[in-house]
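Shared chain: subunit A. Partners: subunit B in the first complex, subunit C in the second.
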Partner chain A sequence: MIPYFSREDVGPILHYLGKMIEGIGVLMFVPFFIGVLNGEWGPSIDFILSSLFSIALGSVFLFIFREEKDLNWRQGMSVVTLCWIVVMFLGALPLYLSGHYLSYLDASFEAMSALATTGLVVVNDLDHMSYACNFWRHFMCFIGGQGIILVALTFFVRGGSAFKVYVGEAREERIMPNIIQTARFIWLVSLTYLVIGSAILFSINLWRGFSPGRALFHAICLFMAGWDTAGFAPQSQNILYYHSYLIDLATAMFCLLGAVNFGVHYAVWTGKPRELLKNYELKLYVASILITFFIVCIGFKAPLPFPNFISFFRESFYQLISAHTGVGYSNIDTHNFSYWSPLAILGLIIAMGLGGSSTSTSGGIKILRIGILLKGIKKEVKIFTSPGATVVVEKFHHIRDIIIEDNHIKMAAIITLLYIALYLAGGMIGVFYGYPFLPALFESVSAAANVGLSMGITSPFMPAGLKLTYIIEMWMGRLEFFSIFVFFSFLLSLKSSE
Partner chain B sequence: MKKIGFILIIATLFSGTVGASKNREQLKITPVSTLFEEPSLYDGQRLTVQGEVIGDIMKDRETFWINIKDGDFFIGVVINNFQREEIRYLGRYGVRGDIVKVSGIYHLHCPLHYGERDIHAEQLEIVESGYKMQETIQRDRIIIGLLLGIFTIIILPYSHRKSIQKGTDGQQK
Partner chain C sequence: MEKLIKYLKILDRWVIGVILELIYTLITFSAAAILCCLFYFIAFIKK
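And then the complex of A and B:
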């Protein structure tokens, strides 16, 4: 029997929520200092104001809901679900104050897009945005990509509550025996790559004539958004702004790294590089990239609208990698999709829908689940074709050897079905607002799988209802449904107990 | 003799008119949006666009890239070193970039630049010089910030102190 929520659950949930709110307020000091360093006094005031508001609000929560005790599963899930919504509203505050957004809804859309590492944008005149505000957009990608909860786990949450909130944020694997150690390892990997990746991008930018300050700013922003598979860029044109195949190459590499399971990173870091060759999910990922690229290729009918093969490869393969890793970087204008055939676009939609690896920063169904489903089908076929008493065992290697159980298949099937339902629902709402089916489906999958590629529907001028739809899709897609379902059951049980 | 002189003057004026109209034709400004809405119509054509130079000037072998913003549309322009020196202001936070008029060849998929959509500039003219903008600081935000600061200073230590005390009690129960 599913235990009901009671009013006693409210206190611990809001207590931990207060801690998270305070945390986000503290993080706003980073863009504040960037603003001060650059002499951007207006944006600096906006950030200190937003920061103080968040800290004050968090303190009020902690003051009213003083009881601190270990969370149970349903409380942990509810904290995560609420936390993402509240952080979205608070993260949107400095964005809205910057004057680059038409409404608070737009600022919230951008904040959720950053936190959920989607990368869809509704900003106005990004090219004249302050460094502080622009950095905040990318920093939110980093916070969200690592996991808001992961950030909190490292600093605030103790004891038995840790694993409950960690799982609530769509991460199931303990890379290390202790969940706090796992959180710290994820930070270590990310910060190491941040230094290396930013150094590479910084060198390219400097060589191309950027001033050192701007070279560093662009490098850090691009890396944070690439590694965390968000796909934001400091300029409106995204990657196209740089007109550089070196930047294309470097960002594509970071996208791929970000979409690899942290467990695989851990194995390689601890001297087990053979995991790269043995890992079932990684092998399947490579196969999936090749298959979807094949679909995109055959989608382009002769004569190709490109002067040579390199041009074709640069445009098609970059968009595919961007789609499949869930990054959403683009080195073309959205209008270029006008000469992509429906089949080529379908190839991208499939790639976006499948997503990257589990326990990585990318979204979508995730390759491991597809792998489990394939193994499940194989197992069922074997059962049908084997003599009655035969025990059929299917296993795969993912960090360790795993025997497929019915529970694995059931969970993978449920999540896959939920994603497909979410993709279709968003697509149908897009059609309801008058957009053609394929672009509407493309945009919906892009939002729900936290990708960020756009065929042009997403803009400050799209209907408010559609903005709200995509916010919900980004939120549900990032948290992978269950913590949200638990939270809604909490709300319903509160109502029924009145 | 007078007749010849009259004919020469008419011919000169006429040729001037033709030249001017030819020049006008060449300098007719094409909105950047049309290059995206009807891309193949302009592919390989000589045209003129106008817009604000934003961001950075980026080196690419012997040439440089700039990005021009015309409304909500952007186009990459390849310029040479002399043209680069003309540009003084780049559009950023607090800076309105130079408004430039660029004449050159438009490519939907440039064979020299790995298929990029670009314009190879032949002429670049500063139509309107950029400038630094005055930052406006809203006084009401400073006041709200101060009030929030005072409130936070008061409540922050108190809420945390209470939290620990109550938490210990809770565990003992």
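And then the complex of A and C:
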């Protein structure tokens, strides 16, 4: 049954949307100050104008829809869905003003790519972009990866509305009893690793001859995009620019940690280190990395196009980790995929499609869902092979012991099927625009699973229809469908009630 | 003083937690490196 909405729902939805819009306006002050510090007056003006416009727009919404009520589930889901679209348009404003994008669609594509932590880029002349604008690209990755709603929960949303908007942003687990405390804990983990990760990357950059200011800028940007599994880098060559084993290792480690469930971080940080060994999702995640890596390895045929074992491992494993965690960092040129066999590419597509852990910054189907489906299959096989009256119970350990119920299996199957349908639909649209099937599927999975690796289709010159397709895929993939479906049912019920 | 000890205990757990997580990722990488190494020398170098 389609949930019934009325015009009375519009007020609370737009009230909270106004708060989010104001919030994004306030966040634009950060790149503004970076621009001022670097003497980049043009970009600073772009940011202050964009910020004032956003705050003014948010204030208009709050003025018209003044009444603050607790949101119900449908309203919460609709706020999240709308919020991501509106924030994309507003986040694109300073990017477009920078002159590095051919159209507003391109700037919006880049903004959605950053917010959804995808990492596909359509920017022109990135190597000459201002510090302020380049920082904004990475800062949006951090905001989007943490969750726009999570940012808002920390500062703006209180009371009964909090959990409804939190779930709407594809996070189901309460790590702590209170949802605001959960939001703060997620910030705590991320900020702790921000300090550690940036310090490590800063030291490496400094040691390799960067000036201190530039080393710090690159370190913070790389960490924000790596931890939040976005895959943007300050230079157009991405990680290849650094030509450094240490940068490869450090970024890969933080990518992997960013794709770990925040609940696991909480357990390990609060004196339960055994969770690292007992957690079903984490064990399955490591197994999945090794299995997909094996597929990539057998995809290569002798003679190998690598001079030695180190370069073979460095190229193949880095792309695999980048794909599986959903980061999208690349230490090779796009053209290098031409000597990857179809099987090796398929290994990457599977890794991208599966994604990282649930309640992490990663995208894709998520390993926990695959685990639940595997347990579901095991349960069904046991039921078939057991005597009639036997009660079959399957359980797994994920923070606590969980008994598998039919509802878990049903939800995991629905979301998995929706992701597969989205991957294939995007791939077919790519084929419609004249691209070969495998690269089209690769790019579609990369967009929908919020990865960001590219075989060369994504560029400022690809068809506008394909850009729009990937924007929708990134949006749907990031929000995991349901809040979007609820929002569209809202629009339909409004129309039918006229 | 008691509060300080309490905070130090929490900090201690965090530091241990971060170190354990970093070690965990290194072990994962090592497992992949061993797999890759075996594969490389068995499948490719033999040929």
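By our rule, the second predicted complex is superposed on the first by the 495 of 498 C-alpha atoms of A that agree within 3 Å, B and C clash if a C-alpha of one lies under 4 Å from a C-alpha of the other, contacts with A are read in each partner's own complex, and residues count from 1 in each chain.
Assume a residue touches a chain if its C-beta (ideal position, glycine included) is under 8 Å from a C-beta of that chain, and two chains touch if they have at least 3 such contacts.
The shown structure was predicted, so the numbers you read here are calculated from the model rather than taken from an experiment.
Q: Please work out whether A:A252 is in contact with subunit B alone, subunit C alone, both, or neither, and reply first, second, both or neither.
A: So A:A252 only meets subunit C here.
Q: Regarding the shared-chain residue A:V260, is it in contact with subunit B (first), subunit C (second), both, or neither?
A: In the superposition, A:V260 contacts subunit C only.
Q: Once the structures are superposed on A, label A:F33 by its partner contacts, choosing first (subunit B), second (subunit C), both or neither.
A: A:F33: touches no partner chain.
Q: Could you figure out whether subunit B or subunit C reaches more residues of subunit A?
A: More residues of subunit A are touched by B.
Q: Please indicate which partner A:F312 is in contact with in the superposed arrangement: first for subunit B, second for subunit C, both, or neither.
A: both
Q: With the two complexes superposed on chain A, say which partner A:I289 touches: subunit B (first), subunit C (second), both, or neither.
A: After superposing on A, A:I289 lies in contact with subunit C but is clear of subunit B.
Q: Can A:C297 be said to touch subunit B (first), subunit C (second), both, or neither?
A: second
Q: Touching A:Y104, do we find subunit B (first), subunit C (second), both, or neither?
A: neither
Q: Which subunit A residues lie in the overlap of the subunit B contact set and the subunit C contact set?
A: After superposing on chain A, subunit A residues 312 contact both subunit B and subunit C.
Q: Applying the document's contact rule, which stretches of subunit A touch subunit C when the two form their complex?
A: Going through subunit A, the ones touching subunit C are 192-193, 196, 249, 252-253, 256-257, 260, 265, 268-271, 273, 276, 286, 289-290, 293-294, 297-298, 300, 302-304, 309, 312-313, 316-317.
Q: Which part of subunit C faces subunit A closely enough to touch in the complex?
A: Interface residues on the subunit C side: 13-14, 16-18, 20-22, 24-26, 28-29, 31-33, 35-37, 39-41, 43-44, 47.
Q: Report the residues of subunit A in contact with subunit B in the complex, numbered from low to high.
A: 15, 40-42, 45-46, 48-49, 52-53, 55-56, 59-60, 62-63, 66-69, 97, 127-131, 207-210, 214, 235-237, 240-245, 305-308, 310-312, 314-315, 333, 335-336, 338
Q: Would you mind writing out the residues of subunit B in touch with subunit A in their complex?
A: Per the stated touch rule, the residues are 36-37, 39, 54-60, 64-65, 67, 69, 74, 76, 91-95, 108-111, 113-118, 135-138, 141-142, 144-145, 148-149, 151-152, 155-156, 158-160, 162-167, 170-171.
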